[in-house]
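Note that subunit A is present in both complexes that follow, paired respectively with subunit B and with subunit C.
What follows is the complex of A and B.
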């Protein structure tokens, strides 16, 4: 293959394009990467897809009459049902990749020095994703979304001091006719902020990864693009199966009833990707309980680089890996129980699974990593 | 010689890899197109706007020498049924006497020459014309009169007195039968 970069018509007039292409084709990357190293890129591609389908939905969406405008999109807009499916299924895929990315980071212990910043940015992006996902769920105008917004605004208003001011600014007062219009703008704006965080993460990852010897490097294109293409095709296949056979995957049927003061949603009713957090926020009671559980769950993830006491350069031990897998199952179970899937046992299971989450991070992680480091 | 080694390396111009590259790129392009197309198509008018864009109006109830106003594509559309006298008066005008010469035939549909359908906006200063509802002044030519700049139109919507210099615009429409017209 000819790797000489001949200045093309465009590149001679806009040299940055030539430089960009040269950057893609110059050997500068490790010869091989694990398959799952593709996840950040997949998340970015998924977000681009969500942005495109979201732009189309935003053309027809009406926050003043959210539920009716979604019916309009599904019934009157050309391919509207498909675009809605794109947006819902794309969200499922992006969150699946995001959860996998966190699991992989914990198993590989890539959050330790010098990768702490990458991990922190991962968690920030994940938190933003959750927030944007929740905003999207709120925008559906269904009964579950309606009550979720109602509870969130009430709790945010009541927070003391600066946090309450932030909540008031975010929601613009108690839940009312204008709330969804505001949440729509935040849904779009924060989604774009995620791109910025991912870009920062890309830079941090590059800085944290040592370059291999020059002889062992390969170019991004075609070696990595081919791998990424395969990952994209596999995700697209999974997405197609979900889109055409399970278009309402992970969504609460309660949300197919228009929201209103008289349409009471029982249980959490959140989509699957929010369910574990809903479980954590259901653990604590009282006015601030929900927010406390949510914040605690995310802060523990942020604190993981410092909760791990093993010191740099140590390989992960078998017990730690086992515990991480148990945590993954625990989070799945927490989400499952939070959706009320276990019937009368749900309340108890949420407490058990939620307690294990905190036990894992606050007790087991420091002890096991410190023991294995000896 | 060079070509043989190229082929052995799978990098020649007609190598298997070359074929696979083209095949992969084509499949990718088709998949991308199939994904993007629904989104672009969704930006086309939705079923509701499409239907209202092709509105059907019943004109059977319009009596002679009266008109109705309907709204289509955000415009006021005036539909008037002419009397035999109005048709006779306007059929054979000397073209050169008109500010914007237009034949009678070009202002009506063949076979339905007693119906005039125009956009009811003055072509000078843009404002709604008077003379469509009973009792409103029709101006000296028994057509429409602009209350804003005094331009006068004949029953066929041709401008007869300025300052407007263009005839009234005729929207796209067709007669489905003697009772119904459809806008397109």
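What follows is the complex of A and C.
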């Protein structure tokens, strides 16, 4: 606290640390931010955790024999099953937080001026997260991952012009013996890029959030350290329940079969956090249908600040909030149907839920927000 | 605790189902495996018996490439016992197996079983929905094909298998094996035992997972309470 009175041992030798500590303890933050405001920080903490557990996995992982090396990790490496569980469950938690963050942004309409850039960076980080999550799913070497890589490489090669060149560069050509080694590097490199985007987002968020009057401010420490600690412990509790009692939560049993041309995957077989996108990409047919569905789904999210016609400074109306909750259920349903959970009805439900997604953004959002603004 | 509740459930369920009429085919099917459920653990005695069934019956067609002989020590066998088991098995080059060898692959003529390939069994319980329970039903699910179903040549009708037609001949016969613990080796008993063995094979860390998990969850519940209390205390000073 009294760093300015007498610099501590460390601060006199490493001044930047002293400044950092002073920054944490001077009142500079709004009071009583809601618990859910910690989501960006939780995502960052989750990504650090994933980086650490991923580092251990990467030491033993062998892209040339992916499935066997995962068996080795789970069965032979000391506590390897635990580290693998950390990585899988950590992913589930980070995605849960990311989906919640987007839902919260929509409900609060925080994507409107001056928050557009924060929202755009959120979506970019989310898209990267999905890509990294998919790459991790591909690296499992299970039957579902194997077919997903096969389909993705084929689709990427077929893209016209510069996009096709980009796809070829990304995958290095058709699916083959070297593909997973390449995807491993991209999985790690892109995960690190997410940190950079989150750092940018942090800056943009600070600029977009007005500070309260000095008398109403509190210091990060001890007030928010105490609050963040609660959020962290509760997340760890949820994570432990999943890790130790539902280790395969949200994963297809199909992916426990080693991948190969003979192990045919039926249905999407993707983990839960990719399922809504699998639904969107199943919506359109034709050569480019899959990629078109994916891209359209994400572009609509990016365009939300401009699809909302309510103008600045208005609170969200009841109808809009209701529609946003319906969209949340719709996305859940889309993922659920895309996993084939509804049996013979799945195909139909994917179309219905997928169509609602587009209807929500392209038609309902502009109309409802414009009406509520009047 | 749990098995007791399981049995109570079972009893109530049976009573509810018209005095057990619907489930009255007389097999000792364990409707509940010890490895199932939130706090399940591997039934080592059953898994040891199941290994005997695997080794005697299933291994002549199936592989379990992820398993080493040394892994069997986790089922409560002593290193000497396991070494004895391994010594009785020939590896691909004809030498007796050692503790560090994986279970060998049987030689199956190409095109046997109408082209169907017996899958590797190391992870089969994780690959099929309802794991052990499914395998148990599969092994005891052979039945004459109902009228109107035409079986493919060299396929068998099985009520548990999706699609109903399976290339695996009914593998179990009563008293194929002799259990060291004196249990009578009925088909139902063997099926249950080998299912528990395969459940262990697919999830060898089950016991540790549930043991560590219970402690971690209890610890975190208390830590949550403390964290919330301290947070409220700290924030109280601001107002």
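What we mean here is this: the second predicted complex is superposed on the first by the 368 of 374 C-alpha atoms of A that agree within 3 Å, B and C clash if a C-alpha of one lies under 4 Å from a C-alpha of the other, contacts with A are read in each partner's own complex, and residues count from 1 in each chain.
Throughout what follows, a residue touches a chain if its C-beta (ideal position, glycine included) is under 8 Å from a C-beta of that chain, and two chains touch if they have at least 3 such contacts.
Predicted model, so just to flag it, every value in this text is computed and none were measured.
Participant: Taking subunit A as the common reference for superposition, should the pair subunit B and subunit C be classed as clashing or as fitting?
Facilitator: With subunit A aligned, subunit B clears subunit C, so fit.
Participant: From the overlay on chain A, compute the angle at subunit A's CA centre subtended by subunit B and subunit C, rounding to the nearest 10 degrees.
Facilitator: After superposition on chain A, the angle is 60 degrees.
Participant: In the superposed arrangement, which partner chain does A:223 touch: subunit B (first), subunit C (second), both, or neither?
Facilitator: second
Participant: Quick one: name whichever of subunit B and subunit C touches more residues of subunit A.
Facilitator: Tallying touched residues of subunit A, the top partner is C.
Participant: Given the touch rule stated above, what does A:83 touch, subunit B (first), subunit C (second), both, or neither?
Facilitator: A:83: touches subunit B, not subunit C.
Participant: Touch check for A:59: first (subunit B), second (subunit C), both, or neither?
Facilitator: first
Participant: First (subunit B), second (subunit C), both or neither: which does A:106 touch?
Facilitator: The answer is neither, since A:106 touches no partner chain.
Participant: Quick check for you: in the superposed arrangement, does A:364 touch first (subunit B), second (subunit C), both or neither?
Facilitator: neither
Participant: Taking the superposition on A as described, I'd like to know which of subunit B and subunit C A:247 touches: first, second, both or neither.
Facilitator: second
Participant: Would you sort A:236 into first (subunit B), second (subunit C), both or neither based on which partner it touches?
Facilitator: A:236 contacts both subunit B and subunit C.
Participant: Which partner does A:43 contact after superposing on A: first (subunit B), second (subunit C), both, neither?
Facilitator: After superposing on A, A:43 lies clear of both subunit B and subunit C.
Participant: Measuring by CA atoms in the overlay, how small does the subunit B-subunit C distance get, in Å?
Facilitator: Shortest inter-chain C-alpha distance (subunit B to subunit C): 6 Å.
Participant: Determine where on subunit A the residues touched by subunit B overlap those touched by subunit C, and list them.
Facilitator: After superposing on chain A, subunit A residues 75, 82, 229, 233, 236 contact both subunit B and subunit C.
Participant: For the complex, give me every residue of subunit C touching subunit A.
Facilitator: Its residues touching subunit A are 38, 66, 71, 117, 120, 122-123, 126-129, 202, 204-205, 208-210, 212-214, 216-217, 220-221, 223-224, 227-228, 230-231, 234-235, 238.
Participant: Using the touch definition up top, name the residues of subunit A that touch subunit B in the complex.
Facilitator: Residue list for subunit A touching subunit B: 1, 49, 52-53, 55-56, 59-60, 72, 75-80, 82-83, 86, 229, 233, 236.
Participant: Under the stated contact criterion, what part of subunit A meets subunit C in this complex?
Facilitator: 31-32, 71, 74-75, 81-82, 85, 218, 222-223, 226-227, 229-230, 233-234, 236-237, 240-241, 243-245, 247-248, 253-254, 256-258, 262
Participant: Once bound in the complex, which stretches of subunit B touch subunit A?
Facilitator: Where subunit B meets subunit A, its residues are 11, 24, 28, 31, 35-36, 38-39, 41-44, 46-48.
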